[in-house]
Amino acid sequence: MRITSSRVVQTIAAALAVGVIATGCASERGKDEGGGGDTFVFGAAGDPASLDPALASDGETFRVTRQAFEALIEHEPGGSELVGGLAKSWESDETGTKWTFELQEGVKFHDGEKLTAEAVCKNYDHWFNWTGTYQNSAVSYYWQTIMGGFAENESKDAPKANYKGCTAEDELTAVIEVHEPSANLPGGFSLQALAIHSPKAIDAYKKQEATGEDDAITYPKYSQEAGTVAGTGPFRIVDWDKGNKEVTLERFDDYWGEKAKVKKLVFRTIAEESARRQALQAGNIHGYDLVAPADVATLEKEGFQVPVRDVFNIFYLGFSQEANKALQKKEVRQAISHAIDRENIVKTQLPEGGKVATQFVPDTVDGYSEKVTTYPFDTDKAKDLLKKAGEEKLAVDFCYPTEVTRPYMPAPADMFELMKSDLEKAGIKVDPKPMKWAPTYLDATENGTCDLHLLGWTGDFNDAYNFIGTWFAGYDKQWGFRDDKVFDAMKAAESEPDATKRVELYQKANEVVMDYVPGVPISSSPPSIAFAKDVNPPKVSPLTQENFAEVSFK
Amino acid sequence: MALLSVDELTVTFTGRGRRDVKAVSGVSFDVDQGQVVGLVGESGCGKSVTSLALMGLLPRRGVTVGGRAEFDGTDLLTLSPGRMRDLRGSQLAMIFQDPLSSLNPVVPIGVQVTEILARHRGLKGEAARKEAAALLDRVGIPDPTRRLKEYPHQLSGGMRQRALIAMAVACAPRLLIADEPTTALDVTIQAQILELLKELVDQQGTALLMITHDLGVVAGLCDQVNVLYAGRVVESAERRELFAAPTHPYAHGLLGSIPRLDAPRGEPLKPIRGSINDTIAWTDGCAFAPRCDRYTLECLQGTPALGEPRTPGHQVRCVNPVFSRGVDELRETALESDAVETAGTAAAADKEAGA
Amino acid sequence: MSTKTDKIDRLAELTAAAETSAGAGLWVEAWRRLRASKMAVIGAVVIGVFVVVAIVGPWVAPYDPTAQLWRGEVFPNQNVFVGPRGENWLGLDHLGRDEFSRMLVGARQTLLVGVVATLLGFTVGALIGGVSGAALVLGGKVGQRIDTVVMRVIDIMLALPSLLLAVSVAAVLGQSLTTVMIAVGVVQIPVFARLLRGAMLAQGGADYVLAAQALGVRKRRIALGHVLPNSLSPVIVQGTLSLATAIIEAAALSYLGLGNPDAAVPEWGVMLAQAQRFFDSAPMLAVYPALGIIITALGFTLLGEAMREALDPKLRS
Amino acid sequence: MLRLVARRLLQLIPTLLGLSVLLFIWLNRLPGGPAAAMLGERATAADKARIEAALGLDQPVWVQYGRFLKRLSELNLGVSTQTGQPVWDEFTRAFPATVELAFVAMLIAIAVGVPLGYFAARRRGSWLDVTAVSGSLVGICIPVFFLAFILKAIFAVQLGWFPSFGRQTTGLDATEVTGFYVLDGILTGEFDAAWDAFMHLVLPALALSSIPLAIITRMTRASVLEVLGEDYVRTAESKGLSRSTVRGRHVLRNALLPVVTAIGLLTGGLLSGAVLTESVFAFGGIGSFIKTAIDERDYPVLVGFIMFIAAAYVVINLLVDLAYSIIDPRVRVH
């Protein structure tokens, strides 16, 4: 997991984006024929990378594909609990290596195919047998995270395969086996990247290679234009107008579940934050995600709907102990924790619903502990601790990203400045190291070259390991420390098959971590999403997995 | 009754922030039907300004024009711009000094000729083109139809001047003003152009106001001559009279400063001292005083009046005029009115003098 | 006797009276008309004020421009800002810092960027242009070849939109205030080079050069002693104008996120780019720096234009 | 004529060659250069190795340059790291938008600037003149992106007269022919679409036109003033020609010569402006594409764009010279 942090980011964006749309009350009037009222336009922050979610790891892509593809397991609308998706039920054996899924009956793919156990296996085997560029972690990131490597790993750096095989016990019973139990399961089955495609589509995919070893990946043609891809979702993708930066979806009338309320769903890319807001204000779009905190108030004042999501992310100040030896002293780490006025950050920078964090998981995640050591804002205490550590003259390099906003950190530069002045009040000299987000900043943080850095993570699914596990399960250059107490606590939790026991172990782990303070958890903030006055918005989800089929017009 | 009678014409430039400059202060002269009148003087003496004032071509802002200029009974100076436009080109026409810069570089000759025909004679299309060709032909431009399509930079200097003349005479104007029409041309061409002008004037009975610093030209062409100095007429006489007996020290000086091929060897030229810049305001006295050999304090008693100290009709503005004999040789040549010859020598001489 | 003298005296004084101011030297005349032109005066005043502020700003600034003294009073996330008031004449910025102090101190940064960038462009550009100009005028065959090569390079630079050029530079050097200066400066190089060369060519044809050559004056001396100085005036004018462009370009870079990344350091361009986020709730935060930039740039432009007119022989009466 | 064209196109070659060298160095040799960036955020050692091999960073420089050049010559500008699509395709997709925008902007600049400059010169010193001159000076001094921002805030957001972003109202699904939406609308008879596209153009075009407008106004004014003093204008007057003839045929025609050249140069500059304006209005053209490319450090795109612009620039100026040689007989090439 050398590159966790960047991953973190990616996923966040992903999950985030994905979410956006969705749950709204079904209004009869939504059904009326024709009229612009039947087209719902949503402002996206970026173009999707591909129409095949399996090749993607970013939210902008998932936001779109989620409306057309469904996974075996889904999250409850507006919540983070796992519920049936294409599988109405699932179970694992006691070893946690054999997963059995009971599929829904009468599910049709957009191309008319029927959902069967074979279809499911065809998908998993297709991914497992990927070759060439498809094995590039940039393409198959999520597969590699959840299921490890491939049938034949072409590069020694690819993780070892954990996927064993998939068998269709009968038409609607699929069994997926893995070598080792993993904390990523069953959560992983809910990932959009592992959503189920029509077998016919899969055959079509197989004929096309992702190419362009040269200087970047070229995605296969089928993933760049509507037509081939086919899932089971409430909408089907009918057009991707790259010139106009628009993806158009239409209601899928043979959908097995509750049909979509609007005839047409359009995702329109508007890169600029303020441009998105103005588009909504000007009535050119019906909603958008990643609302700047500053805009929330404005929009509410003007009568737009800005439903508050539950938090599902964590924003932290990371220490790289190898970059600055002083950070290896616990007092110093504690001092910094005390020095930072987190209240103020939440008060002035985060949108409504933001929370001060006490540990490296948000309180919405199972495994959150009330009993962790806390470090309230106290400049004098910080000074004392520094004196104790003999580090009155402490000076630190503080890296922060420019020109980027993340759901967990709306304005990095501003937050940096706030923390900087906090630290300086505590007598710590701060040397600002602003960097461009990609690749400079991400490389720097990955390799732990900054004393202090700002990062965060939004969960893919409700499992604490998806947060702390990615950081503290073992040595990581980003943090640059080895502490068996911490590592063991993680191991224990990960290898525990029983869900409830695991949760307790996670709570322990959190306490251990916060006692060691590898960094300062700052806050959890709900990424804001906004909708026009005249729509019934979907249920907003902490995982930002809103379902646009719920949207309708008033 | 004169065709054009200029009376006390004054032109004052009022540059902002600057002291007003009187370029022409009270110039009066007449031009009769078919007559050739010369306005002579060094550059800067106000002759060109005079001509522009008559044509109504002086910029409106920053210039005040006074006096009267009766053209056939109507005062050109108070005429409405619109009326003036109608007169210009049809009744009054002008030929300028530098033929190259006076022609629009990006418009074919043809158009520049036909546009005036269209404006004043309502000739359009083929008719206009025919007439234009005829005009070019008349001013001695060979192969006119081809020339019509060409641009000024494709023509020789002489051709250009001929083209300009063609435009000027296109509507058989009653008064033609030629401002140094030959100065920019080679000696031989000069002669031809003068010849041409002469012909045209004779044929059409056009009156010609010849503005020049070249006495040779005057000698060859003019019936009546007005010598200007610092914006005032200092001497005005019939051509022969003037050459015979230049009475104002300036006019005298001018004639004296021309080298003559027939002058005895070793006889020095008698150039006029100083330059047009060494001057005093007329209000203080004779503007020429600073350069004048005959200058006395009397010269500084206000503007000297225009009198006729010698022969009636020969007006001189001087308190102590020259009564020596004139320059008969030059007169002879002038009498023969062999323009080509004189113009040639004179101009050549003029060049040397200038160098 | 006496009559003779007072004859002369009288005449002398009258002549003197009539003397026009004609014949004054190019520079004298230019200076005279410069003083006469309103543009120049306004421009000069603006620049004067700006420079003074830039110099004394940090000392007269009422507060530390980087200290978040009123942090508790500003809530960007709820659009709660503090406008002008007794203690903060221009109100507070989005982090509770005194906007007025930031404007004052920012002036220096801004001026710095403009001046350094222009100087860079000027020096390098003038050097290149001068060399190849001199080479072409006096270098014969070889000189011509040199000139062609140099000018080809210059053309390449000219062929790039200034912003792209700046971006490339920024990308190579990484982000910092220095980068901005260099980036903006590089953009100016070809302009100056072409200008000086052009001027020198014009001068090269001038009679006095031919004369000098005819008199066998050494070529280097002609180039340095005659051609160069006489070619400078347009370059000087351009220099003034470039200061304006530089300041604006720098702002543009900041907007593209290539400006000085340490936003704590107040610089008008950065302040403007940042404040746009809050435009709806606190438009003035964007307007102050924007005005600063516009007015300053205007100052330099006015002066530059005035100088151009003053030095333009065509416009001399 | 043809010889001129040929000569200029030949000149294009060394320019582009030189440029390619610079870019090559930048691309493959300089620290923080793209080679790193291409790896993207989640690259593993495997990817690094793969790409380094692909870029042949192990081979001698000249070999690498050769390959680089070959790719360029095949118009293979590489693949955008943002979109994973060939840069060339991205350009051809985004180009019409920018051309359309730049064209309208230029149109505004000329249609307003020339008359304004002309009358300012005719009535020198009048209030019109003063406004025109000072206006143009201010115009040059307003940062384009700020102007764009203000225009949007006022006319799109506050007053709602114009759309605030994009090229076309969503869901209008107009048929696309040329990619120039206004034109398409007219061609296909979907006039509502044409109008819609036009409304989307207004604000960005206004913002973009500010600088060329200012410059054209001042140039026109200056050169009209100069021409008014020319002898041939006096000649024309002396012929008693009607005002319109004198002004049209004799004054304007000559006065516009330098303006034409300026327009050529400005068109090149418009592309810089487009980067700023388009990003403010999320106008799906090359400009906003480049803005993201800059944010994302999408080097293949930037490199491609630079080459592309360089070429475009030379061609534009060639066209200008041709135009010039047509309107000014003195430089006509035979």
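Per-chain numbering from 1; labels A, B, C and D assigned in written order.
The working rule: contacts are C-beta pairs under 8 Å (C-beta built on N, C-alpha and C of every residue); 3 or more make two chains touch, one makes a residue touch a chain.
If you're wondering where the values come from, they're calculated on a predicted model, not measured in any experiment.
Put simply, the chain farthest from chain D by mean CA position is B.
Among the chains, the centre nearest to the mean of all shown protein C-alpha atoms is found for D. Among the pairs A-D and C-D, the greater number of C-beta contacts is found at A-D.
Centre-to-centre, using mean CA coordinates, chain A is 40 Å away from chain D. Spacing of chain B relative to chain C, judged by their CA centroids, is 50 angstrom. If you average the Cα atoms of chain C and of chain D, the two centres end up 25 Å apart. Centre-to-centre separation of chain A and chain B, using mean CA positions: 93 Å.
Annotation for chain A: residues 403, 436, 440 touch two or more other chains. Looking at chain C, one finds that residues 174, 257, 276, 279-280 touch two or more other chains.
Counting only residues that touch two or more partner chains, chain B has none. Those residues of chain D lying in contact with chain C across their complex are 14-15, 18-19, 22, 26, 30, 32-33, 137-138, 140-146, 149, 153, 226, 268-269, 271-272, 275-276, 290-291, 294-295, 297, 299, 302, 305-306, 309-310, 313-314. Within the complex formed with chain D, the chain A residues making contact are 2-3, 6-7, 9-10, 36, 39, 41, 47, 49-50, 57, 136-138, 141, 155-158, 212-219, 224, 242-246, 264, 266, 268, 270-272, 275, 278-279, 281-282, 284-285, 403, 436, 438-440, 442-443. Those residues of chain A that touch chain C in the complex are listed here as 273-274, 292-298, 344, 347-352, 402-403, 410-411, 413-414, 417-418, 420-421, 432, 434-436, 440. Contact residues on chain D toward chain A in their complex (touch as defined above): 32, 34, 36-47, 49-51, 54-55, 78-81, 83-86, 93-94, 96-97, 152, 156-157, 160, 163-171, 176, 179, 279-282, 284, 288, 291-292, 295-297, 300. Chain C meets chain A in the complex at residues 67-68, 71-72, 74-79, 94-95, 174-175, 257, 261-264, 274, 276-281.
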